[in-house]
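After this come two complexes, each holding chain A, first together with chain B and then together with chain C.
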Partner chain A sequence: MATDAPQHRPQPAEAGLVVGHWPHLRGKETIARIMWSVAAALVPAAVAAGYFFGIRAYLHIGLAVATAVITEAIITRLRLGKMTVGDGSAVVSGLLVGFCLPAQARWFVPIVASVVAIAIAKHCFGGLGYNIWNPALVGRAFVHISFPTDMNPSAWPVLTGDHFIGDVGTAVGGLPEGVDAVSGASPLAAVKDIAATHGYTLADVLKLLTFREGPGLWDMFVGTVGGCIGETSALLLVLGAIYLIYKGWVRWQIPLAYLATVALGALFLPLYLTGGEGGTGPTGWQPIITCMPDAALRFVLWHLLGGGLVLGAFYMATDMVTTPITSRGTLIFGAGCGVLTILIRLYGGYPEAVCYSILLMNTTVPLIDRWTQPRIFGHKR
Partner chain B sequence: MSLLKEFTDKPFKHNPVFVLVLGLCPTLAVTTSLKNGVAMAAATTAVLVCANILISLIRRFVPNQIRIACYIVVIAGFVTMVEIAMKAIAPEAINKALGIFIPLIVVNCIILGRAEAFASKHGPLASLMDGLGIGVGFLLALVAIALVREVLGAGTLWGYRLTPVTVGPTTVIPQYVPITVLGMAPGAFIVIGLLFGLFSLVGNRRRDAARLVAVPAVPQVAGDFPKPKKKPADKAEGGEAPSEPRPSEPQPSEPRPPEPRP
Partner chain C sequence: MNRATYPGGVHPPENKWTAESEIETIPVSPRFVVPLSQSLGAPSRPVVSEGETVRKGQMIGRPDGFISAAVHAPTSGTVAGLERIIDSATGRQTDAVAIESDGLDAWAEGLGEPREWQNLDADAIREAVAAAGVVGMGGATFPTHVKLNPPKGKDVDTILINGAECEPYLTCDYRVMLDRAQDIVTGLRLCMMATGAERGCICIEDNKPAAIACLQEAAGARDGCSVRVFETKYPQGAEKQLILACLGREVPTGGLPADVGALVQNVQTARAIADAVTRNVPLIERVLTVSGDAAGAPGNFRVRIGTPIAVLLEKAEVQDGFEELILGGPMMGKDQFTTDLYVTKGTSGVLAMRRAAIYDGGPCIRCGACVRYCPSQVNPSRLSILGESFLDGNLDAIDAAIDAGLMDCILCGACAYVCPSRRRIVHLIEMMRGERRKALQRRREKQEARKAELKREVEKVGD
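Let's turn to the complex of A and B:
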């Protein structure tokens, strides 16, 4: 074709890279292979979301993915003169955007979130490989600030059966009548409400931990609790993540450091106890480990399984582009995310903190990378 | 003729916000609504024109070493006048919204920048035209930013709420749901960033078209992606068909006197 440059010339090396002499071993890993694998790992949770939250979950995920793909196609066509949708990165971003929206958000919320994620968070900073922040999380943060009623509904419906309800046009909270749905605060919002109204009384912590109020640990593990579309089922998310870790595309250091820091923080950070109902219990600032040692494990598991922590720790904090390169760097990054998450959860204004913690830590990645450069063999520090 | 050019050059080619990148602080802060933006631009333009003329008149008497201090005194005088005038004329809501940003025009870098770069080197008439041109440019920039932020971020236009469009019983355009973040500080940065990009894109296109150089209208990414091979537009514009994309043009497009940024 006349419009194509001759193909036999060797492609110039990327700026700053030196190509050694041949023969070269060619790796089979490509962007497309990795991205489609990540998408595949997310599919079980996506399928289950429809079971938990009804057809709206599928519609939201579908809208988010479609918008992300269309936006990516248009922008890459304009910027690069070709479309790179086939590499699957837009699909993964769209899936993750859809995963961190509540099912009853209005129909345009996933669209706005996906456009912001792809157009602003990704391509304004140079496209795949150059973005500073995780695109999906930027999209979520954008709609979280813009549409607070959609993103923080007072009641999170959970379907107990295989009822497919509603259509995308239904307004917030507009569940049709006669649907066998359980609604309640998401686990973390329940904790936050108690903390906000009268501090953590001992009785409240006990209530939470014995799960006379709110969902139980097993529900939180399987996913039949309130929450955003894709974040509730720790079981399915971890299954997908194990596959990715086995392939080496998700580095285990980040989720490990992240989850461990959150667990340690939940154990040892002091809660404000107000003495319980009769004023007989412990008062003042005390960590759960000293005031209620036998309930500590459940409190920790509550924080690990609650909210978007599993989704964030395994899929969002581990995005290859926006995380440090070095192993020590990934540990620092994960720990930083964990510290921010547990601090905001226990003392901050929001019930959930995974999104903003990861975004804040993404900002520090260049610094972390600079600090944790490994010593080159034979060089002195 | 050249006096007219001093005016016509300014709004686009030397736009204070998008090209000279001056006065970003008030630009980001007051563009939450169109009314505020227009009021701010009017106040700034008034100060700018007066200060430009006076500074141009006194430019031969002011010792070089203390010129900035003298300019600030002149500017502060006009700002005080404008502030008092606005309190008397402008509606209460606008005064409340603009608040501290009117007195802060004293340290607005547009005014000091033009005083230093233009008025202290040109006659009063040229300085007047420069002030008017830059003022119009500032107005255009503020209107562009405020339009996006007010319509998308608040769902209003010049204070009037956007309502759904209905034809008979059917709703053609449903009620717009404001994207509130665009009215907040992060939204200001996002909108101004996108408009910067748009302005540069149009500016580069015009410059390239003027030079009859067929540079693909694609940002030069740091070598990651293969450059687009050739565009059909090349043939139409350039006549020649370059087999390789041209090296990127040197960044400062045209020799311009360096603009100080106080």
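Let's turn to the complex of A and C:
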């Protein structure tokens, strides 16, 4: 296979001339340039993670990246006889793995997630360009199922006061003391928890939270809320994404379709299915826009900024390898992610819907590609 | 300004360093080697033999078949014999006529004299063009008299003169537009007369304002002739894309421009048509650009067909040690493995590059750039993956590739240019086309053998 062929320069012919096929000019883009730019775009959010969640955040990101790079180096060495770490794709995967783990997870969780991401999700399917699912998300899903208690989103801040230095020891020892892994949940999980424990309807809790107790929208935008290491700061993630979209390395269709679909779903889907929670709620189609119009905007923004949606929409769902190649296809893909995310969030059991909706949509990519091939020049419409 | 364009295309650095260099005439070389195969279709048959004296413009190769073009002596002198040389377009060996110049540069009888052309009919124009051996000088080298004779029932209403010159580095067409604007308009009018087209349009990219002004002035007073400005991008000068951008008509798959009433000629071809019909001058010289980062003195040169490439390299002060020699433009020109080559009618550029661009073919990361920039809206990524699959032994890959637009690709290379993985996309596409050609050939041979066998059987039974 061409991919496995050793790199070579064509042999010079007579007169020392090199003969190749046209074109004889090359654009500037390379895989390495794209991947390192994505990594650079993630750096602000990675740096801020230390401020939000303490030095454990750096420890996790560092372990995830180092494991990803080492795993990639070993496997490419064995498979191809050369190391392709320099192309930066393993660093990006490692960063994303680190980003979607909670800070209080035990130290080996990022290592397991990275090994699964690179060794199984990426190289078992043929390596760069051939994997079906986003490696970082497969790694995350694996540890989510394997170590459920580690994967409850961290509260913010993890430890008050000396959270920059104080928790290095606990990072190795297990769950840090003083943090209740359950009550320190991410905003979305909190809503479901409260609704369940107090027997309120979801709508009542939402009303309560969105106006009194829920995390403020500004906090959610800046990132000073509970959640996984790299997902909380919409501001920093979007800044990095704007750079990537400007450069053309992130296709704007995906985040646009994704976020728009989630927003529309949050607005127009009923808050509970017929009969409501425990059969006490109103019946019929009751979306937020009709039953609580004054809270609708806040509810939508809450969904957009909450959980891993920003990280997922701009960095996970836009992974080139696991998304459709056509422009129309990317719109469908983004919308599909949005539909699944909002369905899982409103009616599903897991608080974090982004990971699984993207993985499910990754599976549909060959089909979407087949449907959306452009009309070839000169062929019938 | 209202610029015509079409979806897709790329913007490689233009590097048109020689745009302001006046055309310089290369002195008549002491020895010429004129390939007999300088056009698409059958090579011409030699009509001179060793030791024979020839005059400038005398026919030395007669067209052989319908799609074939005549070849003429570039100067007066003696035929030194038939030689086997490398054809720069295919890399294969081809026949050529070597001529030792006598230094007189004397025209053959009746050539180079003005002819009354305003009242010629279509057949007379085509005859004059055929006699002059004019072929498409943009690089495709299709015999022009054949092109000027569109199939029955396909009326051409618009002639496009292609002055886009979208290939980086090349500036020869630009200089010809500045120097020979009047002749180009005359060539356009002759094409219109030969085909009965009512409209003529000269197509120029907006990076050549001087040429636009020049041709606007030259075309100004003529009925039906106009200049149209196009967005500067590669491949703006591709025939089908140019028609789409200019007329909004899409040539159907497998079809010809005549199917949508259009006909495209390169500016230098228009110049050659004008010379052939109005001055009775056969196609024995052209203007080309010698450039590239290894050229110390790049320039635009008027050269006779059959001039050794080495003469041009010396003229442009190309130092030894360059790694790549390209004949044509950098996007679609052909790499050469030897410098023992000669100028042909289709040689638009000679580029000497210090370092060759290497496509080492990594995996496709599905970034979609090739799909976005493809001027033919095929999926180059898919075609290249099918090509690799074919090399892996999947013989059905070519059928799938045909469904995916294998034959609709114009081989412009925009996909490979933007590919971050440096995949050999065009190479793989050409490979599959070659394999398809071979398969069809084999099938034909098999059918013929079977037919012959059946015939023998029938005869046997009949006995």
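We adopt the following convention: the second predicted complex is superposed on the first by the 300 of 381 C-alpha atoms of A that agree within 3 Å, B and C clash if a C-alpha of one lies under 4 Å from a C-alpha of the other, contacts with A are read in each partner's own complex, and residues count from 1 in each chain.
Here is the rule we go by: a contact is a pair of C-beta atoms (placed from the backbone, for glycine too) under 8 Å apart; a residue touches a chain by one contact, two chains touch by 3 or more.
No experiment lies behind these values; they were computed from the predicted model shown.
**Student:** Of the two partners chain B and chain C, indicate the one touching more residues belonging to chain A.
**Tutor:** Greater contact footprint in residues on chain A: C.
**Student:** Where does A:112 make contact in the superposed view: on chain B (first), on chain C (second), on both, or on neither?
**Tutor:** first
**Student:** Which holds for A:321: it touches chain B only (first), chain C only (second), both, or neither?
**Tutor:** The second partner, chain C, only.
**Student:** After the superposition on A, what does A:377 contact: first (chain B), second (chain C), both or neither?
**Tutor:** In the superposition, A:377 contacts chain C only.
**Student:** With the two complexes superposed on chain A, say which partner A:129 touches: chain B (first), chain C (second), both, or neither.
**Tutor:** Touch partners of A:129: chain B and chain C.
**Student:** In the superposed arrangement, does A:29 touch chain B (first), chain C (second), both or neither?
**Tutor:** second
**Student:** On chain A, which stretch or stretches are contacted by chain B in one complex as well as by chain C in the other?
**Tutor:** Residues common to the chain A contacts of chain C and of chain B are 3, 5, 12, 14-16, 126-127, 129-130, listed in rising order.
**Student:** Which chain B residues qualify as touching chain A in the complex?
**Tutor:** 177-182, 184, 186, 190, 193-194, 197, 216, 218-219, 221-226, 228-232, 243-244
**Student:** In their shared complex, at which residues does chain A touch chain C?
**Tutor:** Spelled out, the residues of chain A in touch with chain C are 1-3, 5, 7-10, 12-27, 29-31, 33-34, 126-130, 248-249, 251, 320-321, 323-327, 330, 373-379.
**Student:** For chain C, which residues count as touching chain A in their complex?
**Tutor:** Of all residues in chain C, those touching chain A are 10, 12-13, 168, 240, 244, 250-255, 321-326, 330-339, 351, 353, 356-369, 371-372, 375-379, 381-382, 388, 391-392, 404-405, 408, 411, 413-414, 416-422, 424, 426-427, 430.
**Student:** Spell out the residues on chain A that touch chain B in their complex, using ranges where they run on.
**Tutor:** 3-5, 11-12, 14-16, 79-82, 106, 108, 112, 120, 124, 126-127, 129-130, 142, 145-147
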